[in-house]
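So that we are looking at the same thing, I have put the structure below in structure tokens.
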Amino acid sequence: MQVNEYKPKIVAFCCNWCSYAGADLAGSNRLSYPAEVKVIRVPCSCRVNPMFILRAFQRGADGVILCGCHPGDCHYTSGNYYTRRRMALLFSMLDYLGIEKERTRVEWVSAAEGAKFAATMNDFVQTVTALGENKRLEDLRCKK
Amino acid sequence: MRKISLSNLDGLFAKIAEKSKLYIPVDDNKGFAAFKLWAEGVKMSNALNTVRSAKDFFFPQMENLMEFKTEGKNIEIIDIREEKEDFVVFGVRACDVKSFEILDRVFLSEPVDSYYASRREKGVIVSLACGKPAETCFCSAFGIDPATPAGDITAWKTETDLYLKANTEKGEKLLSQVEGLTEDCDDKAVEEQKKAITEIVKKLPLQNLPLDKFGKGKTKEYFDSPEWDELSSHCLGCGTCTFVCPTCQCYDVKDFNTGREVKRFRCWDSCMYSDFTLMAHGNSRVSQKERFRQRFMHKLVYYPDNNDGLFSCVGCGRCLSKCPISMNIVKVMKTLGGKENV
Amino acid sequence: MQKITRDALIEKAQTLLDSGVVTRVLGWKKGDFDYDVTPALFTDIESMKKDFVFGDFCGANFSKYLLKETKKIGVEGKVLVFLKSCDTYSFNQLLTEHRFDREKVYAVGIPCDGMVDVNKIKAIVGDGIVSIDDSAEVIKVETLYDGVKELNKADILLERCANCKSRKHVAYDELMGEDGEVIDSNRFDEVEKLEKMSADERFAFWQNELSRCIRCNACRDVCPACTCEKCVFNNPNSGVENKAAANSFEEQMFHIIRAFHVAGRCTDCGECSRVCPQHIPLHLLNRKFIKDINSFYGDYQAGETVGSRAPLTNFTKEDLEPSEAVNREDK
Amino acid sequence: MFNETLIPKLGVIIDVRQDTPDIKTFRVVSPEGKKLFEHRPGQCAMLSIPGVGEAMFSITSSPTNTEYMEFSIKKCGCVTTWLHQAEVGQNVTVRGPSGNPFPVDDVFAGKDLLFVAGGVGLAPLRSVINYCRHYRDRYGKIDIVYGSRSKDDLLDYQEIINEWATDSGVNVHLTIDREQEGWDGHVGFVPNYVKELGFDTNKIAVLCGPPIMIKFTLEGLRSLGFEKTQVYTTLELRMKCGVGKCGRCNVGSKYVCKDGPVFRFDELDELPNEY
């Protein structure tokens, strides 16, 4: 086994009403997911502005995942529908600029889906680990 | 005077690049020139001038000044200045060479700006005479001769050869470094080219600007001119003119927090921007008119006031071709100075 | 299509000024060179007769100027604006966003067969342009060094005109000449070409283009969709640099956010690419969004009608997932 | 390497005094506990907190103070808001001194002096006033007119009544804008008060305060017979470099940071009205 295994930095924006509770449930059910995932709680997935995602990459994230309520279940009725459109366009644009599309993801996780949260995070960390360090959207000033 | 065949230009560049970094104007994929680091295979552009000016070499668009580490109430100040490397800039036009003199008067006056000074000290300027000036050129209005640019070395390019003449000690040193490649020659071809350029310059449309109407002590005359309203009325407030201008030297000092330390950097700023003079309690230049006026008054009156009548414009024509709405210093001069003089 | 002449526009302006319908005219003013025109406001017909020009270099989109013009305090009456077909889309989009008072504007639609890019002329004939005669289809350019050269207008059109999307005017009080049609243009061809490249090639392409950016903000300031009173890039508290071309990250960030902010509202008027001093093909970013919007959510043309709901402020329950969006075969 | 003016010195806040509800006075020394640098009355310095920003402030302590420097700062923008929550022991960076001082040793010498200040405008004058008090025998009579919105907004109130007002030959005239309980002094705006007091014109006047106060006070002094050559003020504009290079604090061809901040009114007349 390699000693200095590469550990990616992952930022997970989680909506307060579903996904954050889902993460909580994953914790209380003792489902493990990698410690590299840093969860940021937002009132709604719709609160996440494209700048937040770019900013996370600037500050050294290797992958950014956005979790919200399932479409139709938004606490604010329709927030996540807007998220869905915005992120579809943003991710497509990032891909267009040649930035690896696997580094960004949107996943719908309800408060009851602790297992899905853990599985999603495990899968996402694995994907990003395979990609290696974020080089295309990095700000060298923020690197060591 | 020394000369070298154009076919051996790469050899000359390679020789210079042995000792120091060499920058030459290079065409991009769209045919616009920019100064790039020379390396084997990089070809010099034939364009008259680069889109950006050469001021970048001494006053880069962005540079880190110092760093701070903060911990609790403590601050540590880290001086990150380093000894700069020698470098050579090849193919600087007469207008841009003159712009260095204008920048020098700002940055090298007391207190000396060490960031600028250390680059200025290390740079060798090889200027190139303008064989084919463009219609937007008006350097000769400011007393600049495009046929004999200043610089450490002056170069002339003919159909077949490149002629080199050193003007300073730095230039002599560089010429002696490439002595084996060049041969001694007379200045017949150069004199011919100079004559030809002088003839062309006479035909350029913007040579007789009413410069005598501007300069020292004219603040009161123009500051409240009603013409500013119309001149500035469609200004977008972008920074294009400022950023392509070889003599614009205003800068901003800002902090960037990297998460580990704070980097204090400076970057070009534009007096055309609405936040240029913005303070917590308000802005002393409230509308685009005041900002627009500041830019041109600075070039034509304020700078000459503080610098023995020297104008802060070199007539490179970049703002003429780059302004999104085609508003520029020539139009300002003509409008304020009276069209009958042109 | 008949060519609109300068005289016809002056005559129209005179009629409208004399009858009191308008009190001022937004037009183009002659500069030092034949290709050099500045937007200007004329308040009387004499100054128009003296300085007004109209020709192949009048590419500027005047719809954004209406914001400032209609907000002037103490100025009575309407402003006359000449709108080319593409400008009318921006005009409608601004009305949709309630950016100016329609009652204070008198819009005259003018037919247009494409505007010319002086950079393309310079690339062919070189420097030292003495005069340009653009009165006919074949444009005659005289230079100091090369005598007179004849250029085909089709070869030197502005990018947005070469890929003109519509000759139809979607807003006007009055139309001069005949209206044109919406054109089935090839404007997405270049976007498709890029999409077909590998991610590495695309990345290299954009690095090369964006690295030239000098952060002058001209693309933002000229854009008729960028009308925020205070831009996010001008907000010191946002932590975004508005002028420091610090590194490739800042450049990418600026251009992604700029294009994203106008996504669904951009009418593809092409002003951003026209004014870029570094000739960055910014329209390729905007068109990517337009193309994606069309293929994900159905065809949508911003500014086609007043009051339409923009795709990003709208949704359906069946929208595709972001993961599907990036993995589509037909993208 | 050259000495670089853009690189600041390190300072430590050793005392914070709440003067008014929105003005605090900070006492700054070097980490060794010494005074950071010498200055002349009326000069300024750039204070900064890395990551927050850098801004120009008047040095309010007198040059005759050999131990420390003081800055009276009103909570107004980014940097000042941050400073207001700073505690004793906080490090700051200091750069300066910038600008030209008041001509205390030549023009002012031997003359009667009149200081007129409004609100936080006392801050730049305090160094001059204390300098003149220190060398009391070099100057004639000193009159100080100082006004603020209310009694609580009077800067350095304790120092004014305990020290300035008790000096011989120093007359302090305080005023507040509106009637207030516990205030038996003058009520009214500064410009009117200056006119009411009616000074003789054989003196030098120094003004500092909000632009509107300066405008009307100057008019008042003019009506009393003062010449513009007798009246000084100090300006402030947006500054970044503090050495006349970054190009933003100019009024016409003068830079406030380098050629100012002290101007005489006849000099200001020569400059365009853009400050």
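Each chain carries a letter (A, B, C and D) given by its place in the written order, and its residues are counted from 1.
Heads up, the rule we're going with is that a contact is a pair of C-beta atoms (placed from the backbone, for glycine too) under 8 Å apart; a residue touches a chain by one contact, two chains touch by 3 or more.
From a predicted model like this one, the values you see are computed outputs, not experimental measurements.
Asks: If I average the CA coordinates per chain, which chain comes out farthest from chain C?
Replies: So the farthest one, by centre of C-alpha atoms, is D.
Asks: What is the identifier of the chain with the smallest separation between its Cα mean and the overall Cα mean?
Replies: Nearest to the common C-alpha centre lies chain B.
Asks: How many angstrom lie between the CA centroids of chain B and chain D, rounded to a whole number?
Replies: Each chain's C-alpha centroid was found; their separation is 40 Å.
Asks: Between chain A and chain D, tell me the centre distance in angstrom, where each centre is the average of that chain's C-alpha atoms.
Replies: Spacing between the chain centres: roughly 53 Å.
Asks: Distance from the CA centroid of chain A to that of chain C, rounded to the nearest Å?
Replies: Centre separation, chain A to chain C: 37 Å.
Asks: Among the residues of chain B, pick out those that touch two or more other chains and give their numbers.
Replies: Counting only residues that touch two or more other chains, chain B contributes 252, 256, 269.
Asks: Could you say which residues in chain C touch two or more other chains, in rising order?
Replies: 236, 246
Asks: Multi-chain contacts only, two chains or more: what residues does chain A have there?
Replies: 141
Asks: Name, in rising order, each residue of chain A that touches chain C in their complex.
Replies: Contacts found on chain A: 50-51, 54, 57-58, 71-72, 78, 81-82, 84-101, 104-106, 136-141.
Asks: Which residues of chain A touch chain B in the complex?
Replies: 59-60, 141-142, 144
Asks: Could you pull out which chain B residues touch chain C in their complex?
Replies: 28-32, 34, 48, 51-52, 61-62, 132-136, 200, 203-206, 230, 233-234, 236-240, 242-244, 252, 254, 256, 265, 267-270, 273-275, 320, 322, 324-327, 330-331
Asks: Along chain D, where are the residues that touch chain B in the complex?
Replies: Going by the criterion above, the answer is residues 1-10, 49-54, 76-78, 80, 87, 89-93, 237-238, 240-241, 243, 245-250, 252-253, 270-272, 274-275.
Asks: Along chain C, where are the residues that touch chain B in the complex?
Replies: 31-33, 36-41, 60, 65, 123, 126-130, 144-145, 208, 212, 214-218, 220-222, 234, 236, 241-246, 274-275, 277-279
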